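Shared between the two complexes below is chain A, which has chain B as its partner in the first and chain C in the second.
Moving on to the complex of A and B:
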């Protein structure tokens, strides 16, 4: 009983804070980017489990490039961003090469990629900075925060919506871009065609290898963006446990939205609420570990609810089919 | 010329009896391992301050039995380090072999290991007072810890299995999330309950050494004999016998190869699918407990161990056959021990590079199209040889 009142207390204490909503929007952004990365791959019928590794690697590259150029003052973060996107795209390309040209199960490629990337990021960090855990010794800087004109002057809404890092806005804009790309362009149509039925797509002259490779390169680039978000917006440095399963959470969100950007964005915002809570642990008497575990537990429950929903839908459809069949059979008997 | 012929003869003596596929499989494995070791050499050359010294430690380190520092009471013996790092690999490799044989991508082994270690640690802490007062038998306590850990591990991996059975939730995603939940449960228990040692505040209470699964300072200071290694070996053997010599194992492999056929011939596919993951989780829990009991006399799980992912690597190396887990575990453990010995030397690079090496080897081991041309050539050659033999035989008959 005490726990429940404490939970209610915590919620009531946190939901009145505008910074809580600010945190929701911010902490949903990297998951959203990761989920979009998985989504475009999923639409091409490829599960990109390597997103976690790609994020790790590109997060580090962003920091290294940024600091080597000269940090905040010399526009380092922007160069870091570009470098990380290139690295991410290249890693996505590597995944596609191993999965489709050398014919390895793509889930296993993803696992191997995560292994290599986590190893390589720590190795690179140690070789270049002499530190094994973080790059706090480098001054890499962060990407700028954007104050939206007009909106920033509205009392509470301004506090919530304005003043985010630029990549946060990019993440939410990318939802629409991705919808457009997938459902309104030739490339999107081809990606979906290859994802639905590779042989059918091949039969009308689409090279499935080509399309899947493009999808994974875009996926990698998005993973790179997600990585940059973590090391140049969320924090101003890279550390070995920085990504903390966000790539996997993105994969879960993508599965729940079955690759549709709009639904994915909603899922990510829902996860963001619980990531948001874990940032306000000081306001609560609840255990910080319970709050930290919350996002993952919510994803778990979310995945279950989603699969119950799809299963029921499928059952209804089948029942509908059955009754139609019954009609057909019953007619000649009359 | 003659020398060349001789080497060819030796080659044929060794591999002539095998069929083409087996020979090609061996060759591909050798090439993959060579590529991996090549990567390691390049990385060491990049990362080390004195590369030759580091390379020596990396390749020969684990064979040097004595660590000069041990006499001064610092560190582990090198050979010991090799065997020690092989222990968790034996467990997780067998667990993944069994789970992946049924084609169930349950990645919850990490969580199972976490919970196994935690529950075992808890049992040891609880019973420590009784053991010190000689009310309880330390061996019985260790066995109880192992059993509890198996139950805890099985619990963690059975959750995704049941969720999949009941509602069709993606087993991969739910098991990944459970890993993190297990991690935070472990941290919670370690920091917010009376498991925490208030003095060090980092670990659990330390229990008395005699529960520990090692005979420290066996043979003077040369070796630490680890019971965990033998438990691991037993698990490998049992796992192999289970998978290849029992009715259940046959059902599991059938389920993995062709679920529709398995259903058709009357394999209870739902029950078998869940059973596999419970077994895998139990082995995972045992792994966590063995690592804790074998190396420490306190519980310290504040980070994911990574052993679960190692299991996937091992499963790939062993081709889902527990029989091959032992050599695979010894190989990976050798690389790791070598790397960590190298890393402890002044100016040596970081031991994380083994992850890169393992990943590279895994990729090239799995690549179906890798060396495809050579494969074709080998098959053609073999066929030609057979044809020539046939022609010769035909000639003899006509003569």
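Moving on to the complex of A and C:
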């Protein structure tokens, strides 16, 4: 009982704080970007496992480029942003080269990408800056925070919604952009067609290789954006443990939403809620281990619930077909 | 396309090689075998050879770098009698045991220095296998009752005493009477930090609220930033950032709140920010609890030379002797009045002469 009252007390203490909601929006954003990166690749049936690695590498590149042109004063963060997106896109392209031209299993390519990028980023950091853990010796600066006019003057809502880093807003806007891209454009249709049935797409003259490559390049660029978010918004430097599994959480969120941007955004916000809660609740007497595991446990439970739900839906659909049309299904698919 | 990739890769490798060679700090060899080749030709038979095993890498700007500095001092001042080398085991903990075994097996070194909680178990095993090998184990309690070894000394830094001093200062600097401790992972050493910190704060102001928060990581700075933001937004105005590079995130959080302060750890982080040109962070850093591993190693080596070092026991290095303490920077002098700084000195003196007994988690 003591634990339950403690939990209730903590929740009631935390939910009244505007900074809690600010943290939810902020901490969900990089995961959202990573999840969107995975989503477009997933829709093209080219699972991009390497998002974590792409994020790591582009986070470092952003900091290095930014500081080399002179940091905050000289607009370094913006150049860093551009460079990181380019590097991310290039790494995405590299995944496609290995997976589709050299015919290596795409999951393995993704894992290799994560391992290489983790190692190479530390190596590059040491070679270029002499530091091995963080780049705090470089002054790379951050992207600007944006105060939204009108909204910023509303008492509590302004505090929550205004004053975020520009990439936070970009991340949430990208949800709509991605929906539009996937479901309303020619490219989106082709990506989905290739993802659903490659042979059928090929038969009407779509080059699945091209479409998958394009999807992975966009995926890499989004991963790059997620990396920049970590090293130029969340923190003002790169460190070797900076990404801390956010690419993988994004991958999980993407699978939970089966590549659907709207649902993905909700999953990321759910993660953000529990992540934010775990940070605020560390002041209470609750076990910190349980608290820190909470966001990840929520993702896991979410994935399980979702897969059971989709399975049941599929079964029902098949049973419906059976009774209506008297079709004989010896066995429901999957 | 293939050509382009080849050229890029070649450039990357060549560049890497060149940059490595021109580096100012020569990277020590991670392979004991290579080290042997290098040292063999020297007439070093009568020199005391020391191997400092770092279960991480140099460049952490605190703990391991400080220890390395201690090795440099030994080489500088006792170059004719001793020779200290460092081995970096990197952060891949799966290889630590075999690397440490290599150092033991080479039987090249008179003294092996190794430490931290993660290395304890394997060192316990290896010291039993090599009973003639002198080992200095630092920064974790060695239980000599269950593992009696007459070839081992254990160097323990009394982080609780240093934390008492900075806790006292935190309470002095706090205007909201609400301070917090932001630890890495909740192990005994970190608990020891907290015990001293809390006691020190309460000694200055018995009514102060001292929160205990944990990041559950030594490397994830973003987590550090979020945990500290949560504290600052709930009225905490001094946070003791105590968790390796994850703690660096606390400084980022402090920048976003007015009139709040951070206390650094292990090294003098205020001066570190100053040197890196990050004046905004330096101005938030009122002090740092320094753990002078360098001084600890250096003085222990002097004892070894004198023959006064007794193996088979714990050495506890505290405020007395300056092994732990509070760093004074220009920010410290701006925030505190001279009278307050004098009070801090009195507290340090009190701990050193034993009139103040500090709680410990051990």
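By our rule, the second predicted complex is superposed on the first by the 321 of 334 C-alpha atoms of A that agree within 3 Å, B and C clash if a C-alpha of one lies under 4 Å from a C-alpha of the other, contacts with A are read in each partner's own complex, and residues count from 1 in each chain.
The rule is simple: a contact is a pair of C-beta atoms (placed from the backbone, for glycine too) under 8 Å apart; a residue touches a chain by one contact, two chains touch by 3 or more.
Just so we're clear, the structure is a prediction, and the values are computed from it rather than from any experiment.
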item: Fit-or-clash call for chain B and chain C when the two complexes are aligned on chain A; value: clash
item: Touching partner for A:136 - first (chain B), second (chain C), both, neither; value: second
item: Which superposed partner A:308 touches (first chain B, second chain C, both, neither); value: first
item: Dominant toucher of chain A (residue count), chain B or chain C; value: B
item: First, second, both or neither for A:187, with chain B first and chain C second; value: neither
item: Chain B versus chain C as contact partner of A:154, first or second or both or neither; value: neither
item: Chain B versus chain C as contact partner of A:126, first or second or both or neither; value: both
item: Touching partner for A:289 - first (chain B), second (chain C), both, neither; value: both
item: Contacts of A:279 with chain B and chain C, given as first, second, both or neither; value: second
item: Region of chain C that runs into chain B when the structures are aligned on their shared chain, from 113-121, 293-301 or 347-355; value: 113-121
item: Doubly contacted chain A residues - partners chain C and chain B; value: 123, 126-127, 132, 241, 244, 289, 292
item: Residues of chain A defined as touching chain B within the complex; value: 98, 101-105, 107-109, 111-116, 118-120, 122-123, 126-127, 132, 241, 244-245, 248-249, 251-252, 255, 287, 289-290, 292-293, 296-297, 299-300, 303-304, 306-308, 310-311
item: For the chain B and chain A complex, residues of the former touching the latter; value: 43, 46-47, 105, 163, 167-170, 172-174, 176-181, 183-185, 187-188, 191-192, 303, 309, 312-313, 316, 349-350, 352-356, 358-360, 362-363, 366-370
item: Chain C residues within the chain A interface of the complex; value: 1, 15-16, 19-20, 23-25, 57-61, 91, 180, 186, 211-214, 216-217, 219-223, 225-227, 229-231, 233-234, 245-246, 248-249, 252, 273, 276-278
item: Of all residues in chain A, those that touch chain C in their complex; value: 17, 19-20, 23, 27, 97, 123, 126-128, 130-134, 136-137, 139, 230, 234-237, 239-242, 244, 275-276, 279-280, 282-283, 288-289, 292
